[in-house]
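First comes the structure, then the notes that go with it.
Letters are used for the chains, namely A, B, C, D, E and F, taken in the order the chains are written, and counting of residues starts over at 1 for each.
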Amino acid sequence: MAEFSHLDAEGTARMVDTGAKPVQRRRAIAVGFVECAPATVAALREKALPKGDVLTVARIAAIQAAKRTDELIPLCHSLPLDAVDVDFEVTDKGVAIRATASTSAKTGVEMEALTAVSVAGLTIYDMCKAIDKQMVIGGIRVTDKIKE
Amino acid sequence: MAEFSHLDAEGTARMVDTGAKPVQRRRAIAVGFVECAPATVAALREKALPKGDVLTVARIAAIQAAKRTDELIPLCHSLPLDAVDVDFEVTDKGVAIRATASTSAKTGVEMEALTAVSVAGLTIYDMCKAIDKQMVIGGIRVTDKIKE
Amino acid sequence: MAEFSHLDAEGTARMVDTGAKPVQRRRAIAVGFVECAPATVAALREKALPKGDVLTVARIAAIQAAKRTDELIPLCHSLPLDAVDVDFEVTDKGVAIRATASTSAKTGVEMEALTAVSVAGLTIYDMCKAIDKQMVIGGIRVTDKIKE
Amino acid sequence: MAEFSHLDAEGTARMVDTGAKPVQRRRAIAVGFVECAPATVAALREKALPKGDVLTVARIAAIQAAKRTDELIPLCHSLPLDAVDVDFEVTDKGVAIRATASTSAKTGVEMEALTAVSVAGLTIYDMCKAIDKQMVIGGIRVTDKIKE
Amino acid sequence: MAEFSHLDAEGTARMVDTGAKPVQRRRAIAVGFVECAPATVAALREKALPKGDVLTVARIAAIQAAKRTDELIPLCHSLPLDAVDVDFEVTDKGVAIRATASTSAKTGVEMEALTAVSVAGLTIYDMCKAIDKQMVIGGIRVTDKIKE
Amino acid sequence: MAEFSHLDAEGTARMVDTGAKPVQRRRAIAVGFVECAPATVAALREKALPKGDVLTVARIAAIQAAKRTDELIPLCHSLPLDAVDVDFEVTDKGVAIRATASTSAKTGVEMEALTAVSVAGLTIYDMCKAIDKQMVIGGIRVTDKIKE
């Protein structure tokens, strides 16, 4: 049976020991989506785009959260991020989020990319919740994981 | 057109001023889901359940993140949480997450409940990612918002 | 001789005990200025204004820092902020910053307003430093302190 | 026209990608000044100096803030600081602050030095504000930036 | 059998719900001790006392940690502290630490007092470890818990 | 007389400059003990063991605190931890705690191991305090410090 890297033989939670792993350049991309009502999409297009504050606030929140992934996710290692990029596309159904995290470290950065996407989604939710009570954040997943 | 509470007349981001609002008991419930492969569900049931560490670690991460929602989401107010409850159900498709946040404050706690669900989902993802590269976190939404 | 509230009779640092003080609505306004070269002002006006990201990033950083004033300044109390407003004016000499912090608490919020101004200034510095090595942040002071 | 490193071609905020930059020893020095009333300077000399707690508290606050610069300034990278030194000189006009930050990293540490100076100034302000309502924090700038 | 307040009927960790509890003034006192070698005590007395930086740094660290107890201890509530006092006595065997935490809140502050003592002890350890490899931190306990 | 590494010639607190030190693999082990009443030990064995949440919550709290040692202890450097292991043994007298911290860095990790032990002890205290008012946390010390 598949083994959990974060559980030892007795099922106890643990950090994976990265002491013997080499430092490598690594990059991960994650995506997600905030489903909004048509009126919310219209309001975003009218009031908050193309250079409106909603998406800028979400981008900043995402970058800051990515840098603190190790504080949020208990068994994650602290990584020095080389870059975090966060892009948005407003579609007829809501807001698509894409985050890329890069590092030169001993372990991968998919959790940082996923954290950026999640917090971007939460921030968009927060800023739109006064006009839309039915939003759903979903489709959060890793699309690329690259080691150079 | 609907108005964003977090943008002023010129579209500039702002915190909502809660100075004149009364302190009330408030509660919010949010849900979400981590879709896993059948082998991951089997491994969770075998190795990590019923009292395994995976879900306990996710619960603790969720509670801690809820207490720090105001650090993660830029325009959120700092709220003194009375309680945060996080429950999980492992189904054939993955793990269902439900979080309840309660406060006695001037503003609602749905962002705290949503943050708890999101970070629980990220932590489950982190602990299962060595055995499952295809997980998707989704369905994150508010189901109840109560003011007493 | 004037007495330091944060030093006891022997000169030892201490928090002021606010236990017997009433909760009151309080507000404080602080200002500051980032002096820039004319070319930087021109670039800000061209590329980063009126709705450019520089000032939005600085505003978000300021609001987030104001909420964490008690972590930065050792003897400050933790206060639940009702609102933080941050405004900028780009003049021929640089960027004027004004922050207003409001609370309902036992002690004043001038440190929160000053922290918001300082971190807004640092963020503007960070975003302009590639094009201007001579900026100076100054004039940081409290202009109003109101108790209702 | 000069280009902002933290804005892309469309004016969107971004982190600079440091992935391809070499690790180098870097050092930056920043200064600032807290203008105080003569009575405050006298009180500092009488009660808080030469080994009084005011400046020690400010020094500790500055060192701790420098280590958290990446949390305060949204687009800053996380840097492992080798050292942070903070010195004060009490003059007839107030307190001069000087901070030196050192690292072995891919990017410079002037923001860390500036953050140390700013938070030292805020802490001095906090500790003296009961006896002086007219202080001004200013002259915050980088004096040296060295790459070895 | 005695019941754990932080475990539900199935043994699952939870926060205690304080929603129905009244706000009361509460105070707790905790103590602890750092055992040092005689040479360390002599050095502390010679170089670091009576107004030396070692104990001031430890006091500041303790106050700051007390304010963040809810971040360190997963099931603790966030409390607005009215005051934190930290006192030291250097004896022939080492350093005695005493911390008092006060709040006006729905739940007690013994964890805040204990956290202050623990972090004061760790900071003293850190500052003396270059000259003493045999220190032991112990005797950390609550001596008083008062509700007014 | 022995010299404090964290005080300069005038007794002023300072960080040790690690700029010229080589990166080495380092490991430190620390231990501690939470003395409990026999009824608490019995309750732990009955309700909270072998896979109960008390020790898992304490382990997670310890790992998370170890990663933030530099925020808690003012003059500590920020270190990228390769691993943190936390083990518990419930004896007739209470709970023995052992933490191992590993890094590849310029300076040692004993403070990280000690912080993990201390916060594990505080968390156990918090979770058992409803049934035991007489616990004492002690015996916190370094047992091993290894440089490879």
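Rule of thumb we're sticking to: a contact is a pair of C-beta atoms (placed from the backbone, for glycine too) under 8 Å apart; a residue touches a chain by one contact, two chains touch by 3 or more.
Values in this document were obtained by computation on a predicted structure and should not be read as measured data.
Between subunit A and subunit F, the least number of touching-chain steps is 1.
Interface repeat of A-F: among D-E, A-D or B-F, the matching pair is A-D, sharing over half of the residue-numbered contact pairs. In the Cα superposition of subunit B onto subunit F, the rotation angle, rounded to steps of 5, is 180 degrees. For the pair subunit C and subunit E, the distance between C-alpha centroids works out to 31 Å.
Distance between subunit C and subunit D, defined via averaged C-alpha coordinates, is recorded as 14 Å. Along subunit F, residues 11-13, 51-53, 56-57, 60-61, 64, 74-75, 78, 80 each make contact with two or more other chains. Taken as a graph of touching chains, this assembly has some other topology, since it is neither a line, a ring, a star nor fully connected. Counting only pairs that meet the touch rule, the chains in contact are A-B, A-C, A-D, A-F, B-C, B-E, B-F, C-D, C-E, D-E, D-F, E-F. Residues of subunit B that touch subunit F in their complex: 51-53, 56-57, 60-61, 64. The residues of subunit F lying in touch with subunit E in their complex are 1-7, 11-13, 32, 39-40, 42-43, 46-48, 52-54, 56-57, 60-61, 64-65, 72-76, 110-111, 114-115, 118-119, 121-123, 125-142.
By the touch criterion given at the top, residues 11-19, 70-71, 74-75, 77-80, 105-106 of subunit F touch subunit D in their complex. Residue ranges of subunit D in contact with subunit F, taken from their complex: 25, 51, 56, 59-60, 63-64, 67-68, 78, 80-85, 102, 104.
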